[in-house]
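In the two complexes that follow, chain A is the common piece, with chain B as its partner first and chain C second.
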Partner chain A sequence: MSSLFAVQAGSRGSKGLAGFIAGLSPRGRALLIAAEIVILLVIWQVLVGSLELVNAVFFPPPLDVVDGLGDLIAAGTLGQAAASSAQSWLTGYGMAVLIAVPLGLLMGTSVPVDRVFGPIAWTLYAAPAVAYAPLTKAWFGFGAGPVVFLVVISAVFPIMLNLAAGIRTTSPSLLRAARVYGASRGEIYRKILLPSTVPFLFAGLRQGAVLATIGMVVAEITGSTVGMGAVIIRSANTYNTDQSFAAIALIVLWSISMTQIVSLVERIVAPWNRKKVSS
Partner chain B sequence: MSNPATESAARTAPFIDVKSVTVRYDLSRTGGTLTAVEDVNLTISEGEFVTVLGPSGCGKTTVMNVIAGLVEASEGEVLVDGRRVEGPGPERAVVFQDYALLPWRSVFDNVKFGLEMQAHLKSEDWRMRVQEAIDLVGLSGFENSYPRELSGGMQQRVGLARAIVAEPRILLMDEPLGAVDALTREVMRDEIEKLITATGKTVIFITHSIEEAILLGDRIVVFKSHPGSVLEEITVDLPRPRSERGAQSDPRYLELRDHLWEVLQNEATAASRGGRAS
Partner chain C sequence: MESKEGELVSPTMPVRAVTQSRFRTKRRDGEARWKLLLLGVIGVILLVWEAVVTWLELIPAVFLPPPSAVGPAFVELVLRDDFWSAFAYSLQNLAIGVVFAVVVGVVVGLAVGWFPVLRFTVAPFLWLFYSTPKVALAPLIILILGLGNESKIALVFLLAVFPILLNTMEGALTVNRSLVNAGRVFGANGVSLGVKVLIPGTLPFSLIGIQRGAALGFTGAVLGEFLGGAGGLGHLLERATFDFKMDEAIAIVIVMVIIANLTLTLIGILRRRFAPWYDDKTTVSAG
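For the complex of A and B:
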């Protein structure tokens, strides 16, 4: 992620570096990012692991984290925790999509629905999930219930609101063209509004996937006994911070994988939306 | 051949009859109304190529939208072949300034859009008709491209193919070359002349290029603004095809050009003075 921002910042400052990066093939760019990560990890390993500039308990170096991962696997609890998290995430995200898509379509299409429902949706979206995480324990107990709930709550609004915005911002000139060539109301909906909203839907799905992961971890570390969040809490409480970092790394990996899957599906569903590599 | 319109206009009722059309918009913010066009009268014969010339914001697009059935007249009406226009219809097609292509459809499917919703036109040979329209505008080989992959000029060719695929009798073209680069613009202007005069379609072509108005039109309708209305109508009796070299050095062409320059300049001056006074 950080390298993406570096590209943008660089494009304003030095034209040479930005030009070099822009000129890379997708594979070249992936290699560049990989190299960047490796360099960062090596620096981290040298500073903390070899030079011991910082106490390794607070900031365990990469090789310790790898050991920590080994310990977690050896203890036999990792598989169960990961499975629990993945299951909560997938259940919650799936429910969020099922709720958000029809509501988003309705909000985008109907002005009255948007007027009544829009402000509530935005208010709930603005409320940080962390704030009512403790309450969810009262509602759903200490198992996977609150985790699924927070995943749903975190993912549902970005998907719904993006979708609604997508329908509302459909180009008026496309709507005129559709009327000129004889489209009925139903045909305008099917042939213009729905397809033109696809990029917005996927933007919402990507955003929702990231927020769902955050919601999941928040629910799991606030008093839950299940999932990767609980692994982080347990290991940190016993000063096995290398294991905490291993768990965090796995969560980040999950989050990135999910957004990549969403992007992959988008490329298949909406190949027309692919950005031109060069113009 | 140079102007069949004027002869037939004398004999028959006009094909397109714009009768005292006024369009007002309610301005929700101030509660007032904006008169976009006022009392526009225009008659067009079948097969005539009419260019509409005028400054930006003079309501020429509004009039075209009323004819297309996209905008309702506040007063007056438009008759096409004797029937009152109540909405869009398959005998009228529109070419838009911003192309208005569906970005998620290939060139082929965008052209197909021009006939797929008109049941009586969706005959078995529709594939052939779509292909013919694509060939006619010179886009063979680009059937599977997406609009995003094409230049502006090529995108407008798609828009043109989509408009003619269902064989409408009337083509409404709203500054179709306005967003196209200068060189492509000239090439496409010449192609449009050849292509459309050969099919005998009735065309209303909006432009703010004097050159385009003269080289394409059997007749030029000059609009004025605030509110939009017809200022002047001029018959162009230059021989066709005018795209051949030489038309632009014809003394008649030069005379028309100078005249239109003067009319538009006076109109622009008057409009800016009027704008300041009120």
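For the complex of A and C:
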């Protein structure tokens, strides 16, 4: 989202509303967006809740969704479902990182591995993870097993392939310079390859986090009996769509939080890679 | 801006095309040798799979049928009529949904990218929708639109439209200002400025968005078929696993992998055909 707050070079001189917005500080613009969201929610509430222009079962107004969240909490199923989803997600994502980082390093530095393993990885990456969902149910049953599997398979390839690509984009002159100054293999890894790969690694980790959430939801709504996806299915099937929307909102919140956490870690681990936000 | 670009453009198909300067010296015969090696490795993988299941019996063949069972199942599958009707059903939904997504995504993306007022007011919501795992909406869409084609097409559209839209938007933003100014100097305005400068400058980004959108759209089509209705490859796959015909199920998954890869390759070819001036490197910048 940071791009929204960056001032575009072209729009600086423009007049009118755009000029006014472009002139705002990042904080001012964030406030503006927050205000817009509030206005949109109010319009939604009025159109569906008060004027009843749309069937409230299909688009429950915001206040109903809040009620739905209350119902879910009161029913006591929410905590368990959320815990199950979070646990599957974290387990799967952790496993994906553990698998992807060594393989990505290997692919990036070894030509044979890249040429032989690369095409296989790209082929699998292009295939929709959802295709494996029924197989995983046959293999692991209807619990958390399929969820973890789909999270792993969704997250592992973006992390691995970004990492490998990052290593390959390392400036050859940096490598040559290191060799001229007598750097050992370990030093080249530690001081040149890894630092120059960090932006790619974190881009992969962010993509992986987004895709992991998709994988988790897919596994949970296609027949798993656990997690937030199952809550959505159950509530939608009983026409309690306000509860479905509440559950979806929580999943969105989770997805955004995870990508933000990855970005936060990136800023701590690699401060030199700080995003260029002009203010 | 620069920060988001690499990420946006990449999610499903990120960084393949990075020029591998270190390997450039390899000649053609080297390429052929790598391909042979790749085939060899795939052969070894299949052999190990066969060995583990059939000869060593480490995994029961009911759960993971060996290649020697999947192969015949695959042949049997492609000879069946109901397979081809399911195939056509899935691809039809995918195509219709993606075409809608391309039209809406490109038009809205260009508008939002070009007009600063829209960019500052609408774009935040587009980003929000973009980062929403829209698969979670699938049960609701089935509820609203029923079990027929409509719900599947809607799912394809919903999953495909945002990558196309946001890539087009980012593309329109990166159109070189001096090109626009030069166009204006030479008297291009309004529509002709759009056709001659804005669209060619944005096209490569849109095509990357379309590539990614089509991949996600396929997920939408298959997911929609899992969740209800009686048509399509997803339904066929679901039924095969339900009957525990794992060899047939794996054959269908292989078909899906082939479809996904063919679609991506096709759009990749279009990209090289219609935007050959464009260097993949420019979108690969991460962070």
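Going forward, the second predicted complex is superposed on the first by the 244 of 279 C-alpha atoms of A that agree within 3 Å, B and C clash if a C-alpha of one lies under 4 Å from a C-alpha of the other, contacts with A are read in each partner's own complex, and residues count from 1 in each chain.
Just so it is clear, contacts are C-beta pairs under 8 Å (C-beta built on N, C-alpha and C of every residue); 3 or more make two chains touch, one makes a residue touch a chain.
What you are looking at is a predicted structure, and each value in this text was computed from that prediction instead of being measured.
Chemist: In the overlaid three-chain picture, which partner chain does A:Gln80 touch, first (chain B) or second (chain C), both, or neither?
Modeler: neither
Chemist: Touch check for A:Ser257: first (chain B), second (chain C), both, or neither?
Modeler: Neither: A:Ser257 stays clear of chain B and chain C.
Chemist: Counting touched residues of chain A, say whether chain B or chain C comes out ahead.
Modeler: So, of the two partners, C touches more residues of chain A.
Chemist: Regarding the shared-chain residue A:Ile192, is it in contact with chain B (first), chain C (second), both, or neither?
Modeler: first
Chemist: Which of the two partners, first being chain B and second being chain C, lies in contact with A:Lys137: first, second, both, or neither?
Modeler: So A:Lys137 only meets chain C here.
Chemist: In the superposed arrangement, which partner chain does A:Leu161 touch: chain B (first), chain C (second), both, or neither?
Modeler: Second partner only, chain C.
Chemist: After lining up the shared chain so the two structures overlap, which partner does A:Arg179 touch, if you call chain B first and chain C second: first, second, both or neither?
Modeler: First partner only, chain B.
Chemist: Is there a shared patch on chain A that both chain B and chain C touch, and which residues make it up?
Modeler: In the superposed arrangement, which is not itself an observed complex, chain A uses residues 198, 273, 276 for both chain B and chain C.
Chemist: Note which residues of chain B are touching chain A in the complex, please.
Modeler: 68-70, 87-90, 92-94, 96, 98, 100, 102-105, 113-115, 117-118, 146, 148-149, 162, 166
Chemist: Would you tell me which residues of chain A are touching chain C in their complex?
Modeler: Touching chain C from chain A are residues 1-4, 6, 8-11, 14, 16-18, 21-22, 29, 32-33, 36-37, 40, 57-58, 111-112, 115-117, 119-120, 122-135, 137-139, 158, 161-162, 165-166, 168-169, 172, 198-200, 202-204, 206-207, 210-211, 213-214, 217-218, 221-222, 228-229, 232-233, 236-237, 239, 241, 244-245, 247-248, 251-252, 255-256, 259, 266, 273, 275-277.
Chemist: For a test of understanding, state which residues of chain C touch chain A in their complex under the given definition.
Modeler: Spelled out, the residues of chain C in touch with chain A are 1-7, 10-16, 18, 20-23, 34, 37-38, 41-42, 63-64, 115-117, 119-121, 123-125, 127-128, 131-133, 135-140, 142-144, 170, 173, 177, 215-216, 218-219, 222-223, 226-227, 237-238, 240-242, 244, 246, 249-250, 253, 256-257, 260-261, 264, 284, 286-287.
Chemist: Contact residues on chain A for chain B in the complex?
Modeler: Of all residues in chain A, those touching chain B are 171, 173-174, 176-177, 179-184, 187, 191-192, 195-196, 198, 270-273, 276.
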